[in-house]
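Some structures are shown below for you to check.
First chain A sits with chain B, and in the next complex the same chain sits with chain C.
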Partner chain A sequence: MGAIILNLVLWLPMLSALGLLIFTSQSSEDVKRIKWISLISTAFTFLLTLDLLFYFDFANPSIQPALSMTIPWISSFHINYTLGIDGISYSMLFLNNLLFPICILCSWNIEKNPRSFFALMLFLQTTIIGVFSSLDFFMFYCFWEFMLIPMFFLISVWGGENREYAATKFFLYTFGGSIFMLVAIIGIYFVSDAGPDSLNMIAMQGGLFAKKTIALGSWKIPFSDFAFWLLFIGFAVKVPLFPFHTWLPHAHVQAPTAVSVILAGVLLKMGTYGFLRISYPIFPEAAAAYSYVIVLLGLISVIYGAFCALAQTDMKKLIAYSSVSHMGFVMMGLGSLSTSGTNGAVLQMFNHGLSSAMLFLLVGVLYERSHHRWIVRPDHTLGYTGLSKHMPKYTIVMLISLFAALGLPGLSSFISEFLIFLGAFKSFTLLTILGAIGLLFGAAYLLWMYRRMFFGTPSEEVKTYEDMNWREILYMAPLCFLVIFLGIMPAPLIDLVRFSVENLVKKFTVLV
Partner chain B sequence: MNIGLTEILIVFLSPFIAYIINALAWKKLPRHGDFVSILGIAIPFVIMLGLFFQMLSLSDPNFLFMQSFEWFRLSDNPVDIFKVGIYIDNLAIVMLTMVTGVATLIHIFSSYYMHGDPNYGRFFTYLSLFTGAMIGLVLSQNLLTLFIFWELMGFCSYALIGFYTEKDRAGYASMKAFLTTRVGDVILLLGIVALWIHVGSVSYSDIYQALASGSLNDKHVLGFSLIGFAAFCMICGTIGKSAQFPLQIWLPDAMMGPTPCSALIHAATMVAAGVYLLLRMYPLIHTAHLDLLVAYIGAITAFIAASIALVQKDLKAVLAYSTVSQLGYMVLGIGVAAYNASFMHLITHAIFKACLFLSAGSVIHSLHDDETGDGVQELARMGGLRKKLPLTHLAMLLATLAISGVPFFSGFVSKDRILGDALFWSQGINGGSFLYLIPTILGFISAVLTPFYMFRMMILAFYGETRDKKLYDHCHHEHFAWNSNLPLLILGFLSLGVFFSGSLTGQSWGVILPSISEWFSKLMVPVFGSINMATATTEVLEHAQHSAHHTATLVSLALAATGIGFAFLFYFWKIFSSENLSKSLHGIYNFLSEKWYLDKILMTMTYKVSRFFYSIAKWFDNVFIDAILVDGSAVLVNLGNIILRYMQSGHIQRYVTVMVVGVVSYLMYLAYFVK
Partner chain C sequence: MLLNFLTNLSYLVPEVLLLFTICFILFLEATYKPLATRKMLYFISFAGLGLCLLALGFNSDLPTSVVFNQTFVADRFAIVSKILLILATMGILYIGTFSSEIYKEFKAEFFILTLSVLLGAMVVASAKNLLLIYVGIELISILSYALTAIKKKDTLSLEAGFKYGLYGGISSAVMLMGMALFYGVFGSLDLATIAATQTTVPTWMLMVILTLIFSGIAFKLGAFPFHMWSPDVYQGAPTPVTALFSLLPKIAAFVVLARFTFAFQQVGTLYPSWQSLLIMTSIITMTVGNISALGQDSVKRMLAFSAIGHVGLILLTIVYLGPTSIGALLFYLLVYLFMTVVAFSIISEIANKFGSDSQFFFKGLVRRHPFMGVAFAIVLFSMAGIPPFAGFIAKFSILSYVISQKNYAVALVVAFNSIIAIGYYLKLVKVVIVDAPENDEKIEGMHFLRQLSIGLMILPIIILGIFWNGLIHLSSIKDFMKI
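Moving on to the complex of A and B:
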């Protein structure tokens, strides 16, 4: 039964997307129906996601038996239709399926071809759920690549003035990265020699590749190193890890609000999820051998992202670079190979999903009113002044989001950042101490933005904006609630993921 | 003593419940919800008062109530279990009584001061969260929860300093306060992490135990000893939060907030938290031998701030610098092993400084400038207010006498003990070497500056003739009102020394409340688990200590008299002219009014350095990575595309040309190079 619901969660958005295609007219009646169908479909998907918890055995560290299924698909190549989730993937599914109804709500007033927009959004949802729930390399890769199609069109059709450049860059960059991943997957398929299991992610775990080597001409290298670094490129582009991050600011700035929210909230986590699900458990030797490189790159992302964010005058760019910085923390936590560090990384994935989504949603709220995103305009005048006097509700939500993003204790990100520091400090003391700079500047750019926009007397232009309306409050409320709740009571989320994390970390303790 | 968990939970939760109620519904509540916040702090105060008197009657210096609960766990390994808990000893009880008491009075005063503000309810909302965070910080059983409340207070101060959002300067001041303190906070966090890794937990009792057992002695962090590293991080936390040199720059700007919130920041919460952390981590600092560093930081802060306060022209600015200076005394006290006196100064200072700030609030509120629509803070426009505001004057005078170190007042008792211990520390323990004398000397110098600038402020504000007739006439004569005057008078009354020492003088004679004689010294002893750090007991040392205290008392009496005397000579009798002095010493005067240029240097440096880094980062990102590497690779592909397109054009002539050129070159290659 659980597996059936998981299938339903996976395919329902896709079916709804197909269902939207029956509306051929763009009459306001139909547009209304389209919106409501999308909303109900995503909301129902979210409820089904919650329902999965009834089949969830929290103490089971590996893939939930009640929530997995395998059906032979293309038997001659050992390709199976394998679905399954554990605590880590459930947390990502939850985040994703929570954000989608919110995104539908925040795109409520979209004017340009709403049918295709909502259909593509629903299609996107299925592909993301697919990435987080498939356990077969072939399926995983398919969903990973399919995800690019709706993203490309969503950015290039509904984006800002420079949308085609950004969409193409995003597409080529991530596509280029995943080609390396494909090579690694094909390598795994041939080298593992595991017969019908050779594309099963779970069966590949357990040091299967420890002694295998691969010959590149006359040069013999351990297969685990070879595959680890190929996968690394594919995942690092997605995270995005320095120096593979430059597609992100462009994509964010050009993307419509809903797409930015999904991009920052969930898509970036696909990269770190790839490390957690594939690279680390399958090649623990390589993960242990190169942990320093991973932590170092994470650290560079943290500090470099923070400095780049400090230089931005466009709200979306600033938040985009803050994502680079915050995802760097995730990599630091992953690279630490410790219980607290890895737990912190998984929590940070979730918490950054919440806080960055909130920030992008708020930028969208403001953009709908002002149609610009400048904090400081190119001619050095302020884009907004005195918002807090004129828009008190908006100010409160913004304060919560900002302080959630900069890791104020009592809000969710603090726990994850603290755990990452705790996990990384022992083996990577110097790097962790340097990471503290990221915490400091993380506060600096966000507060700088807040000060510029919210203090002072409201300008004439600002006075014409209305405060947040009920629809906007409705979709911000669950996120605000979650960041506060998880800040005070992180136990539910931690209990969801900690067994799976422990299971992963065990693979390294024998090595280190 | 019977402490129930329920009582403590009520103390802890009431302000938070008040916060939640007000945050959600202050606009809909009658009186915009001020009574909710006042109740939310008054109830804990009543409970704490009960506990406080129980503590006095029990009179057990080693009283400890500790309880912890699991917060969450990462695995079943004890290192991975995160706990929250309560740690109540005499120190915490006194601290909480002070915090809740002072905060209650500030809440009550706020209902007068903030009356009519459009965001009246929001102000109370933040006040509740602020005091709640401070209560949580004091109750914390471990450093992690301490840090959580520590940062939460940082947020509240950010919100309150930036409360008047229309003022751009408020935005600047709040950002500066948050980021400056965050420098210390981030380092503190590293210290907590380091301790956690090696101790296995950060609860106070575990840290004390690990220190006592010596198991940390051979642990290292980056080549430094762990104890030294952790202690240094704790000190940095204090430097940020308690506005010590060189991070003292944020506190004077923090007066951009409404005056009651300044009172809260400067007295009961926020800055007190840093000193409280040092008191809790005292054995760590002592074991790390960083006492001297702490003493220097405190003494330098006390001196610099006192000197800057001499030339301030703004009523609140004088008070702000006096806070920094007095905090310096507390930190100095911790450095010179005056644990007890230092804590006493924290309490006495909280009371008289709250009184001073609230009185200043009362003055500012009474002097309304119709042109700016704001209260007047400049001393230059005051004068003679004694007649208009007699009750405020009385309260402020009491508090000024206390801070100046006049006998019979609380500041005398506590400051004198710090100076006495400092003298004993430099002379008695460390043999009077120059290195150890400097902090003590700086402490004494500040003790003559303090009464001078405080009485200068008093005289300029309350005595003499008014300097702004219109403003003066506009000011209403003060009538007693419970929410404006009562808090001040209570605080002023509590600035008497007798409540802290049981005797009028703070010395062995003049005892008038024998039942509580020296309760403070008896009950607040530096005992941490199995570490007893109470001071030396040999007869010789005791004698030396006595004589040091004796000397210090006489010296500080003389200094206070000198300071007050000069203030009267300059500003009351005007025998010396302060204008002439500032003209003839204009170099020093400018140096002081520019705050030793510290503010400018630090801020410019921060701007320059961060601008340097972010410009580089921006350039590197846009030009090197994005344009050259990423788009450059696209250009390369494009180039290949052009070449191939040219070759694959479909024109047969072009193919033939390429073929001929190819074949000819190959033949030439064969002919010339292949022998």
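Moving on to the complex of A and C:
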């Protein structure tokens, strides 16, 4: 039964997307129906996701037996339709399916071709759920790649002025990374030579490839190094890890609000999830050998992202760079190869998903009123002044999101960043200290943005804005609740992922 | 002797049927001209091709054998590739019937020439004697020159035909030279002798001979360095003829190449050099094709370069010939066939309407004709190799075959090439879907039945991308290929 519900969670959005295609007219009645169908479908998907918890055994560290299934698909290539989730994937599914109804609500007033927009959003949801719940490499890859098509159109049709450039760059970077991932996956299939299990992510874990070598021309290298770095390209582009991050600011700035929210909230986590689920447990020897490189790149992302964010005058760009910076923390936690560091990384994935989604949603709220996103306009005047006096509700929500993003104790991100530093401190003392300084910059750019926008006397323009309406409050409320709740009482989330993380860490520290 | 000939003839039924069809159309055109309407000719050729398919189906039960004095192979590989060829021809005739470039001035010529090219290709698909290979290839070539220049008043078409004829003549001569040398060394024109004869001729000299023969085949494929003709010919020729060039000669040439390689596999010293020749050609071909495609404005020209890229990729299946790689080859050709026919149907429709295939006229196609826009986007994504479309599986099977041979360096080259290729496909997708159309006037002309038939051709592109279990291992049947 659990497996059936998981399947339903996976395919329901895509089926509703196909259902939307029957509305051919653009009359306002039909548009209304389209919106409600999308909202109900995503909300129902979220409820089903909650329902999965009833089949969830929290003490079981590996894949939940009640929530997994395997059906042979392409037998000649040992490709199976294998679904399955554990605590880590569940946390991501929860985040994803929570954000989608919110995104539908926040794009309620979209005017340009709403049918295609909502259909593509629902397609996107299925592909993301597919990435987080498939345990077969081939399936994983298919979902990973298919995700590009809805994303490309969502950015390039509904985006800002420079949308085509941004969408193309996004597509090329991700495709370029993932094609190397494909080479690595096929390599795993042939080198492991494990018959029917060769494409199963779980069966391949635990250092099966420790002594295998391959020849690259006349050059003999360990297979684990080769595959680890190929996978690294694929995942690092997605995270995005310095120096593969340059697509992110463009994509974020040009994307419509809902797509930015999904991009920052869930898509980036696909990269770190790939490291956690594939690269690290399957190639523990490479993970151990190159952990310093990973942590260093994570640190560079943290510091560099923070510095870039300090210099931005566009709100979305600032938050995009803050994502680079915060995802750098996740990579530091993963690279530390310790239980608490990895725990912190998984929590940070979840918490950053909440806080960055909130920030992007709030930018969207403001953008709907003012149609610009300048903190400082190109002519050096401030884009907004005195918002706090004129829009009190908006200010409160913004404060919660900002403090959640910069890791104030009592809000959700604090605990995850704390765990990351705790885990990384022992092996990478210097880098951890530098990372903590990065945190300081994080506070600096966010608070500086706040000061410039919210303090001072409201300009004439600001006075014309309405405060948040009920719809906006409705979709911000669950996120606000979650960041505060998880900040005070992180235990439910930690309990959800702890055993799964320990189980994985055991696999990637097996050779250390 | 006569009896022997007659029994052998049973293997030749599809070709004979095709010949009858061609003669019948010729006869109809010459005597009852008013009867030779577009619809009638279309119907007759489809009926003839259908009968050919049926005959091939019956032939697949016959035991694999070599007939007509060891020149004509009737194995399963030949049958499957002939089915591919016939399907491709059906697609080309389908495009041709609706293309004003063809039906305004010509009727029967196009059908006769196309079916004759098919006849040549089918002969090549079964040939194992160099002479028969040469005859088949020349049949394809000479008729192709005529087809290219079929728009007698169009300078581009004439120029393309002239260029094609000139290049083609030279490469045929070179191939013939290689065949003569082959005869001098082995004392026979039979491919099988190469495995049987112990020759004292050094390998490098043999390689020179084979390279000469290879250049003739590579010309048909459009492989580097014999690819120069294809952009001009693709652009200059009428769209249905362009579709023909990207399918029939290429499929035939791949079959011949596979047979060559199959023969060499048994020759220990020669095989490695042959393999490295193929790998080098493949790598350079796909890189050159994909890079050149990036800056093209004419869609047909872009597809010409993209075809060069595809050819380079497919060549890799020939390098390490085995049952799996033949499966990958046939699968790729099948998928490529559907993608090409759909793509050229749409291009032909646009070319009919605007008289040009510049990307300018594809702007915002999805808003002017949603069906064509979406169909074109699907084909382009499939060609680029994005799952879940069949083009991805085709690429996947070749990539996995290369990796199973532990050739990781080549696999990385393929990966880099995919990235280059996605650049131009994505650009065209962007033009079709995202760009604002020149005006909002709807494009008329593609009525429901045509949409349905194109939809039916898109269906395999999606279905083969999800269920490809049986097809790819078709070739593991025993005696699939024989020399």
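Simple rule for what comes next: the second predicted complex is superposed on the first by the 509 of 512 C-alpha atoms of A that agree within 3 Å, B and C clash if a C-alpha of one lies under 4 Å from a C-alpha of the other, contacts with A are read in each partner's own complex, and residues count from 1 in each chain.
By definition in this document, contacts are C-beta pairs under 8 Å (C-beta built on N, C-alpha and C of every residue); 3 or more make two chains touch, one makes a residue touch a chain.
Just so it is clear, the structure is predicted and the values come from calculations on it, not from any experiment.
In the superposition on chain A, A:43 makes contact with neither chain B nor chain C.
In the superposition on chain A, contact is made by A:175 with chain C only, not with chain B. Using the contact criterion defined above for the overlaid structures, shared-chain residue A:289 touches neither chain B nor chain C, since it reaches no partner. Contact with chain B, but none with chain C, is seen for A:246 once the two complexes are overlaid on the shared chain. By the touch criterion defined above, A:217 reaches chain C but does not reach chain B. In the superposition on chain A, contact is made by A:146 with chain C only, not with chain B. Number of chain A residues touched is higher for B, counting chain B against chain C.
Of the two partner chains placed around the shared chain by superposition, chain B is the only one that A:433 touches, whereas chain C remains out of contact. By the touch criterion stated above, A:502 is placed in contact with chain B alone, chain C being left untouched. Residues common to the contacts of chain A with chain B and with chain C across the two structures: 172.
On the side of chain B, the complex with chain A involves touching residues 71-75, 77, 80, 144, 147-152, 155, 158-159, 162, 165-168, 170-172, 174-175, 178-179, 182-183, 186-187, 189-190, 193-194, 196-197, 221-222, 610, 613-618, 621, 625-626, 629-630, 634. Per the touch definition, chain A reaches chain C in the complex via residues 73-77, 141-142, 145-146, 148-149, 152-153, 156-157, 164, 167-168, 171-172, 175-176, 179-180, 182-183, 186-187, 189-190, 214-217, 226.
Here chain C touches chain A in the complex through residues 381, 386-388, 392, 396, 399-400, 403-404, 406, 408-409, 411-412, 415, 418-419, 422-423, 426-427, 429-430, 433-434, 467-469, 472-473, going by the rule given at the top.
Those residues of chain A that touch chain B in the complex are listed here as 169, 172-173, 243, 246-247, 304, 307-308, 310-312, 339-340, 343, 386, 388-389, 399, 403, 408-410, 414, 418-419, 421-422, 425-426, 429-430, 432-433, 436, 439-441, 443-444, 447-448, 450-451, 454-457, 490-491, 494-495, 498, 501-502.
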